[in-house]
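What follows is a pair of complexes built around chain A, which joins chain B in one and chain C in the other.
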Partner chain A sequence: MTALAFSLPDRRRLLGMAVPFIAVIGSMIVGLLLIAASGKDVPDAIEAFMDGAFGSAFAIGASINRAVALSLVGLGFILAFRANLTNVGGEGQIAVGGIAATALGLWPPIANLPLGLAVIVPLLGGTLAGAFWGGIAGFMKVRFGTNEVISTLLLGFVALLLVYWCVQSTALLRQPQTSSATLPESLPIADAVKLPGLTGNSESPLHIGLVICLLLAIATAIVLQRSTFGLRLRAIGLNELAVRRAGMPGGILLVVALAIAGAFGGLAGAIMLQGEQYYLKTGFSSGYGFDGLVVGLLSRGSTVGVLAGALFFGFLRSGGISMEIMAQVPAALTLVIQGLIVIAVAGSVILVEKLQGGR
Partner chain B sequence: MEEMLAIFIASTLRLAMPLMLAASGELVSERAGVLNLSLEGMMLTAAFFGALGSWASGNPYLGVACAILASVVVSAVQAWLSVNLRANQLVVGIGFNILALGATTLLYRIIFGGLSREEIPGLPKLAVKGLSDLPFAGTAFFQQSVIVYVGLALIVLIWAMLNHTSFGLSVRAVGDEPRSADKAGIPVAATRWKAVLITGFMAGFAGAFISIADIHTFTENMTNGAGYLALAAVIFGGWNIGRTVAACLLFGAATALQFQLPAMGINVPTAFLLMLPYLLALLAVAGVVGRLEPPTSLTLPFQRGK
Partner chain C sequence: MTSSTGSLLSLENLGKRFGSLQALEGVSLDVRPGSVQCLLGENGAGKSTLCNLIFGVYEPTVGSMTFDGAAWAPESPAVALERGIAMVHQHFSLVPRMTVVENLMLGQVKGVLKRHEFGARIRDIAESFGFTLDPDSVVGELSVGERQRAEIVKCLMRDPKLLVLDEPTAVLPPGEIGALLDICRRVADSGRAVILVTHKLAEIAKVADRVAVLRTGRLVADESMQDADMGELVHAMVGRELKPLDVALADDGEAPAASRPLVTPPKLALVCDGLTVHDRHGAVRLDNFTLEIKPGEIVGLAGVEGNGQSELGMVLAGLLRPTEGHFFIGGNDLTHAGAAAVTAAGGGIVPEDRHAVACVTAMSVAENMFLNKLDRFTRFGLLQRRTLNAAAQMQMREFDVRAASPEVAFSGLSGGNQQKAVLARELTLDPLVALVAAQPTRGLDVSAVEAVYRQIRAAARRGVGVLLISSELDELIAVADRITVLYRGRLVGERPAEMSERGAIGALMSGQVA
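On to the complex of A and B.
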């Protein structure tokens, strides 16, 4: 995979990678300054951050699990982006994936399936739900000419409210209301539906989602760089009209591209549910869709870039949470850092083009 | 029953107000070809700095000024990035929203920390003399915060500007055909800059409405998607100001219904009512309510000679 991704180790590629790197460093420095300005002890905060991100088997496992969800959304994003489609709906695709995985996982006939099918069927269900959600945007684009940015964004909000609906109504997924204190959440899924751990160490939450993610990352790299399908995506991204004139089924390709992006999001949702959260609640997707989009964008279309970005954001999130608990530095600081990185990278596109001596 | 209806109308207006302010501002920018996904972030920033200004100075009007200033600063950076640096407007918008959520939460914790939920000096409700005591219309229309009346005037002003001034014509020209506009001597970059600043101004007003006029405090992520709802209203309104304002009222009514219907013994899932605006906007962009024509160059940066 490394060979695939670094097959063009020229100056342009290095410059392209340097910008996110500089943005990350710069934003981290701003973050440190903010900690200092707020009167908190900087070494304390750094120690809490490191502890939460890398300090224990638990911390590392939790960070990598976060990175898995982010990578999946990011991989789906770069696939669709190859066809010049911007999928802003990751958050909603995670949500519908989570709903489907919960519904299937709580259904006894499926929870009692043998041979690991109790794990696999909800994962596939979540994937399909996400694919359907992304596919709607693709269909609207082809049939009505609706800009996918607008439709995926709107569908995202609908999906988030669907989660809210599901956990508010006992007719849907809400746990039976035994008292007025019953929380608006689903029942927890059975152990048979939970993703198996990867390390055998009961301390570490690391689960087989990592393996699934790495396999899909390799598949994505191959599809993007070595397959006819990848080539067609690129072609339609560059010139839709020409692709249609050449007799390729352009419309279907667009729907498939967005459905695949959605499928990755849906799978991420199912993995988040079956791997760590175990029950559905409002706000279940907690920003992973938008963060995954950011990861996809920063990667500039490279699979390795997605994995690296996702790891960075995964550790950033874990460290941020720990910083809030142990050093009283609000975890919102990590949002500030993320936002600055995104804006800096987006703003420097022209600069990079100039430096590369391109267009 | 009649009293309930009056209260319903009043709460619809109250809930629709920030949407109307933000959406009519955003409309100007979108007609000029710049999409501000950062609308949510601008509103949240404004809500925070409005609350901060009002709290620190004890004067809610100064608070409104702070809110507008903060939001205009955000919009200036957005304009610089999308017009001069030709950055991807969506990405920049998402970045701003993440940054605004993080920065306002962080500053709120640092500054207000222990005094969370402290009430800030708010704007008075202005009972219109002679009208506020009317039996039905009084409750429904004439006991609103002072900012409501100013806001409505601003919206009319934007309508007049877009449709009846040469600046409005330039705005539409650079949003549809920047190349032709450029050849006709209309300064594309400057026009877009002004349009985005107008969005910032209106979003600032909208944010100030939420924190200073309506809730009288700041809470984390208090705009809670209102900016996105305003974007949906622009879409549902087909980039036409009258229809956009109507869409905001409709969205406000849907939100108000979630409090009204249970009181009337009608059981409709809250989630459905909250979802309704987004579903309507989806139907609208699918062309179900008539063909929509977004500004031709929406989200496309302009560069002379390319």
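On to the complex of A and C.
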């Protein structure tokens, strides 16, 4: 088996790239057929999609910003997944990150900090909040044996309701109610707390979140491939009993792994808030946590895979929104197409393995 | 070579290559119906590979096979099973929570389940081969021997012409080996052929009609049992002069325990004080276990398996909290401290279950050998792989761990080399105060067994207190200074480690309190 695999590396790699690519194109064609079947004009829809995804500096910047949030959740996911932990709580971790960033950003002593600290402190606050949220799931796993899939998911719902509570109650983060029309939202954060733009072009929403994300991606790759910590995560993912037997603090590793996954989610929440939304409102995480989970799963543990997947989903989301607005393609249909793509990619990965595997 | 007329299975110049490793080369062998063909060889000699070729797990690189008068090239084990070859693997494939009959019905029945009918068939088959098996007992509650018999019945239900048993005795306690060999004999007497893979010579003498020896992938002997000479078989197997088994078990010429120069012990190496373990159902697994081991002393713990050894091993490894009692390593109370503290206090542990507890098989040899010392190879959080692999290489040489490189997967090593690697990891703890080795030679071949003993004795001479848990009495007599006996979770006695005490210890092991 191995002999064959080593003698044909090129064919293997080609196969590994071609099959998912064809699968994605295929599912997109099916998506277009669905749009046609729903009675919408297909060329219009394509045009709207392209406009929304790539059509302008704004469109591209917005798409990349979406990709940043997805990447961060995905990176956290693959880190924890190395320890065989499945973090499905990205959505909630984004939410608590957003709450923390808003709370800190709206607090005058922090908003007035010099040297960019007004940006950094809320970012760190969001990160820590996410880490705490993920860490709870880790603690529950180690202490009570609670499956992290369940605990992270349920903690996610708790976090979403926390956001709701925060924006409904003036004692928390809701803006002062001046009339019955005051929306249940927080006040917008001050300019000093907003993430600086990257391009200097006021048209483009692209912000330094991209730089942070790329740096963290490199750090993640190093941790996973080169660091002792990464090796320990792998070891505990493969055989927890042996790792504990060999005298490693297994429980702490698991808590830390989930806390890191949560930290990435929390940071994504803070970046979304300080980079684009600027105020907290119910449902502001809008599915990024779950899309990030998909990105992480499809990447099969590869950092580059996370970035590529996140970019793809980021553009897809922008294009989908634009299709909905400009070509009246229902949002549900975009989700269907997104789902088709996920199935196609996941399925093609299995197919490639079968084709390459043999005996 | 014998003529192939009348043979059920014949192998012709069979070879198998995995990448750069030539696992088998030029193997020709005839297996006759109604006979027990033993396949002998050290770990890594190619025995399992040969079985897997016959059973359709791998395809041979060169050569051909004929089975039952036709060319034999099964594309999968399912095909092999269909056409009359069944195999009992080293690792059982039974679902522990299901009953025997449920397990055996898996994959064999469709539609409506007829438990009683099927159960009766199981009973009949077992009886016709001279043993009993309760179809309604839950597999998880059966002894290893009973589970193995369930596996054998599972094979026999397919009415195979050839039954292959891969190291069936490696997992069995001594008392059950004889029964298994009887079953082999009866299966052969029913006109079927049996291939019995083993590396224990004594078993061959009892049951084999013919014996073939593999060494580094080549067939180096193939003769009928009447013509075979034990000494020559050993020689063929290891390829060099080696003391026969019982000699290998004896001391290696170093000073006997009593006259060993001891540094006056400041503290006892290992103290167990009233350790008691209740299982989930409240049954007492370990009962008030008290034992003191001085530095430099090797204490053997004898007992038939399932009398509390596993629980004791888990407690001392820090993986199981005892219900009552305490244990100390070098004077430190580690009862509730956990596995990491045991390691830090100098407790080296060679666990009973190598795959589940001792190693991470999917990781490299180097990573496994330094699993407890990774910090030593970490700089700024990054793992210094080159240094790690170099250190592993040195230790592999020192402990005679044979692998292509420190970077190969641990799972690719033979059982003996895996055990030597685990031992190397535990014996190089610094400080090392006590070593708890549970069944450290199970499933190992003669030369690996010898290496393990040598390392354990050397550790004791350095002042390490050793607790050697084993169900092989000869091993304990050869290695230990004194032997304590565990029966139903209790220490029932202590005897000097002498051949003359064999009977007395055996009586204690079987519960007849002396």
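Annotations for the structure displayed:
The working rule: the second predicted complex is superposed on the first by the 319 of 359 C-alpha atoms of A that agree within 3 Å, B and C clash if a C-alpha of one lies under 4 Å from a C-alpha of the other, contacts with A are read in each partner's own complex, and residues count from 1 in each chain.
Heads up, the rule we're going with is that contacts are C-beta pairs under 8 Å (C-beta built on N, C-alpha and C of every residue); 3 or more make two chains touch, one makes a residue touch a chain.
Keep in mind it's a predicted model, so treat the numbers as computed, not measured.
Once chain A of one complex is fitted onto chain A of the other, the partner contacts of A:234 are limited to chain C, with no touch recorded for chain B.
By the touch criterion stated above, A:286 is placed in contact with neither chain B nor chain C.
Contact with chain B, but none with chain C, is seen for A:34 once the two complexes are overlaid on the shared chain.
For chain A, the partner that touches more of its residues is B, with chain B and chain C as the two candidates. By the touch criterion defined above, A:175 lies against neither chain B nor chain C after alignment on the C-alpha atoms of chain A. Once the two complexes are laid over each other on the shared chain, residue contacts for A:226 go to chain C alone; chain B is not touched. After overlaying the two complexes on the shared chain, residue contacts for A:84 are found with neither chain B nor chain C. In the superposition on chain A, A:244 makes contact with chain C only, while chain B stays out of contact range.
Contacts of chain A with chain B, set against its contacts with chain C after fitting on chain A, share not one residue.
If you check the complex, the residues on chain A that touch chain C are 1-3, 6, 222-223, 226-232, 234-235, 238-239, 241-250, 359.
Considering their complex, residues 34, 38, 86, 88, 140, 143-147, 149-151, 153-155, 157-158, 161-162, 164-165, 168-169, 290, 293-294, 297, 330, 332-343, 345-351 of chain A touch chain B.
Chain C meets chain A in the complex at residues 17-19, 58-59, 317-319, 338-340, 342-344, 349, 351, 356-363, 367, 371-372, 374-375, 377-378, 381-383, 425. Residues of chain B touching chain A in their complex: 37, 77, 81, 85-88, 90-92, 94-103, 105-106, 109-110, 225, 228, 231-232, 235, 269-272, 274-275, 278-279, 281-282, 285-287, 294, 299.
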